[in-house]
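In the part that follows, the structures are each spelled out as C-alpha cells.
Next come two complexes, and both contain subunit A; in the first it sits with subunit B, in the second with subunit C.
Moving on, here comes the complex of A and B:
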C-alpha cells in the first residue's frame, strides 16, 4: 500500500514539475495582464463604475486557460513518453500499467488544479480590490465545480491520448468542451426540435457526452446571483468523478492492451 | 561579403514593398477593393460587423436580465425601469405543482434537472443604479458597426433614462446621426431627448421637423414602423405648436396624422389636446 502510494506520488510529482518547468503559467499570466490591464481603466462614454464586463472577461480567460492547461498537460503525457521511448524504463519498473495511467492522470489533475487555484486567488483579490467583496461563497462553489470540470477534461484528454494522435485528440477535446459549454444546456430543446436520425444522434450526445456546462457558475458569480445548493454541488462533483472513472477505466484497459 | 549581399537584398525588397504600397493606390485609383478611409475592423470583418454589433447588443440585453439569456420577456432594455422581479424565486420550491414537475424532470432527464439547478432560471431586471454595467457592451456595439442605428438609440436611452446622463445620450445620438444621416429613428430620438430630458423645445422641434422628410413608409405591413414613427413625430410637432400658440400648425399636424393612422393613441391624444 505504502509502495503504491509512493509510486503514484512520484508520477504526480513528475507531471507537476513538467508544467512548471515549461513556464506555461508565466505566458498565461502575461497574456491575462496584457488583456485585462487596459480594460480595467476603460470608462465607456466617460462614465466609470462598470465592473461586470471585466469580471466576465477575467473568468472567461480563467476558463480558457484552465481548459488549455488541463487538456494540454493530460494529452501530452503519454505521446511524449512513447516518442522519446522513456515509456520502456517506466514499464520495466515494478509498477502496473493501471497505476501508471492513474498516476499520470493524478499528476495532470494536480498540475491543472494548482494553476486553477492561482487563477481563482488572483480573481478573488481583483474582485476584492475593485468591489470590496472578498471571496464570497458562490466564488468558492465556482472554484469547486471548476475542479470538477478539470477532473472530467483531463480524464477525457488522457483517454484520447491513448486512442488518437495528439493533434486529433486536442482538436476533438476542444470541440467537445466548447460544444457542450455552448449547446449543452439547450440539448433537450434541440432534441425535441430535431427529426430522426438527427434526434437519435443528439440523444446519444446528451446521454453520453461530457456535460461540462454543469460546472460553469460564471453567470452566478458575475451577476451576483445566490449560491447553488450544496446537494446540487455534491451531485455535480459525483458526476465528474463518475465520468472520469469511466474514462480512466477505459484508458487503463486500452493501455494494458497496447503493444509497445 | 555574402552577408552584405543579403542585407542589400533585404533593404531593396523592403524599399520595393513600400514603393508598391505607395504606387498601387495611385495607379489603380477607384478600382481598389478597399474604400479610402475605411478602418481595419471594416476591412477585416466587412458585413459581419453588423452581426457582431447585434451580438454585443444582445449581450447588453443579457446583462439587463441578470446574465440570463433566452428570456421570453416582453420588456426590452428600452421600456422598463428598475428591478422588476416578475417571478417569485421561491415559487418553484413552494408550489406543489412546480415541485412535482421538478421531481418528474429529475428522474426522466437528470442532466436537464442539474442544468436547471446550476444555471439561473429566474427573471429579473437590472436596477437603474446598476445600468452602468450595460455601457461597455453598448459602447462596443456602436464601435463594432456604426450602421447599427438600434445600438445608438438603445445607448442613448440607457445613458439618459437609466444612468442620468442625457448630454452623453445626445452626443451619442449625434454621432449616430453623422454616421447614419438617413435614419429617421435616430433623428426622432434626438428630438425626444431634447424635449423630455434637456427641456429645449426649440431644438426638439427642429429635430422633429427633420424626421418627416426622412420618413417614407412603404405600403403594407413593411412600412408599419415608419408609419408609427411618422404619427408620433406629428404628435410632438402638434404638441409643440400648441405650446407656442400656433393652433393652425397644430391642426395641420392632426389632420396629417389622421390620414396616416387615425386610431393610434398619439392621434387620439393630440385630438384631445386640441379640444381643450
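Moving on, here comes the complex of A and C:
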C-alpha cells in the first residue's frame, strides 16, 4: 500500500511540475484575470440587472479555460512520454502500467483542479466586489460539480491519448464536450422524435457519451437561484467517478497492450 | 547472495522477436553469470536494443525463454533489482537532477529519506554536484548520460543493464564511468552493457557476446582470445561480424 502511494505520489508530482514549469497555466491565469477583472467594475449602460450577463460571460470563460487546461494536460501526458522516449526509463522501474495510468491521471486532475480553484476564487472575489454577495453556497456547489466535470473530461482525454493523435483527441474531446453541453439535455426528446437508424445512433451517444451537462450549475449561480440538494450533487459526482473509472480501466487495458 | 540467485543470473534461450517481416532477434541464446561484466556487441541493427527491451519486459519474445534470477523479467520483484540506462538520454527536461531522482526513487518505492541520502551520494559520484539546481533541459549530452547513470543506480540494483553507456561522454567522463563500472563489479553487481565501442568493451568486460542479425555469433571471455597478445577484440569483431558487413 505504501509502495502504491509512493509511486502514485511521484507520478502526480511530476505531472504538476510539468504543468507549472511549462508556464502555460500562468498565461491562462493571467488571460482569465485580464478578462474577468473588468467584470468587477464595469456597469454596462447603467442598466440594472445587466450584471447577470457579465456573470454569464465570466462563468463561460471559466468553463472554457478549465476545459482547455483539463483536456490539454491529460491529452498531452502519454504522447509526450512516447515522443521524448521518457517512457523507457519509466517502464523499466518496478511500477505496473495500470499504476502509471492512474498516477498520470491523478496528476492531470490535480493540475486542472488547482487551476480551477484559482478561477473560482477570482470569480468569487470579483462578483463579491460588484454584488456584495461573497461566495454563496451555490457557487461552492458549482465549483464542486465543476471538479466532477474535470474528473470526466481528463479521463476521457487520457483514454483518447492512447487511441489517437493529440490533435484528433483534442478535436474529438472538444466536440463531445460542446455537443453534450448544448444538446445533452435535449437528447431524450431528440431520440423520441428520430426514426431508426438515427434513433439508435442517438441512443448510443446518450448511453456512452459524457453527460457533462449534469455538472453545469451556471444558470443557478448567474440568477442567484437556490442551491441544489446535496444528494443530487453526490449522485452526479458518483456518476463522474464511475465514468472516469470506466475510461481509466479501458486506458489501462490499452496501455498494457501498447507496443513501445 | 539472495534467494533465487543462481550461477547464471540471466538466461536467454532461443529467443526470437519479429516485427512485421523483420526478424530482429533470431533464436538468441545467452547467459550472464553473477558478478560479471558482459559486453553485448554488434553492429547497428544487430538486435541489441530489442534484446534489452525484452530483458526489461517491455515486450514478450515471440518464442524462447528469458529468465532473470529464474523469474519473469516483467514481475515487480525482478524489476526492483534491475537498473536500466537507456541508449538516448531521455529524461524530463523540466526537472532538476534531484527532482528526477526523487521521481524515480518514488517509483521504486524508496522513502524520501533514502532517496535524499542516495541522491546526495550519486550526484557527487557521477560528477553532477554544483549543477543540481539547473533544469535538465540545460544539461549537455554528457551530463544527461551521467544523470542516466545516477537514476539507474538509485535503488542499488543487483543487475545493471546499460544501453550504449559511453555514447556522448568526454574522455574524462569515460574514465570515470569505467572506474564506476569496475567498482560496481567489485561490489558484486552484474553488468550487462550493449555497445559498439570495442575499445571500452575490451577494457572492462569479463566476457563479450557478439550478435549479428539477432543471433549470437561468438561469446566468450576476453582472456581466452587475447592470450597470444596479438588478437584484440577489434580483430575478433572483424572476423566474426566484419566479413558480411564489408562484403
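FYI, the second predicted complex is superposed on the first by the 242 of 260 C-alpha atoms of A that agree within 3 Å, B and C clash if a C-alpha of one lies under 4 Å from a C-alpha of the other, contacts with A are read in each partner's own complex, and residues count from 1 in each chain.
In this section, a residue touches a chain if its C-beta (ideal position, glycine included) is under 8 Å from a C-beta of that chain, and two chains touch if they have at least 3 such contacts.
No experiment lies behind these values; they were computed from the predicted model shown.
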First, second, both or neither for A:213, with subunit B first and subunit C second: first
Partner chain in contact with A:22 - subunit B first, subunit C second, else both or neither: second
First (subunit B), second (subunit C), both or neither touched by A:94: second
Which partner, subunit B or subunit C, touches more subunit A residues: B
Which of subunit B and subunit C A:51 touches, first, second, both or neither: first
Partner subunit C, residues of subunit A touching it in the complex: 2-3, 6-7, 9-11, 13-14, 17-18, 21-22, 84-86, 88-96, 259-260
In the complex with subunit B, residue positions of subunit A that touch it: 42, 44-53, 145, 184-188, 206-207, 211, 213-214, 216-217, 219-220, 222-223, 225, 228-229, 232, 235-236, 239
Complex contact set, residues of subunit C against subunit A: 53, 56-59, 76-77, 79-80, 82, 84-86, 88, 90-95, 99, 102-111, 135, 148, 151
Subunit A-touching residues of subunit B, taken from the complex the two chains share: 63, 66-68, 70, 109, 111-112, 114-115, 117-120, 122, 132-139, 155, 159, 163, 165, 168, 171-172
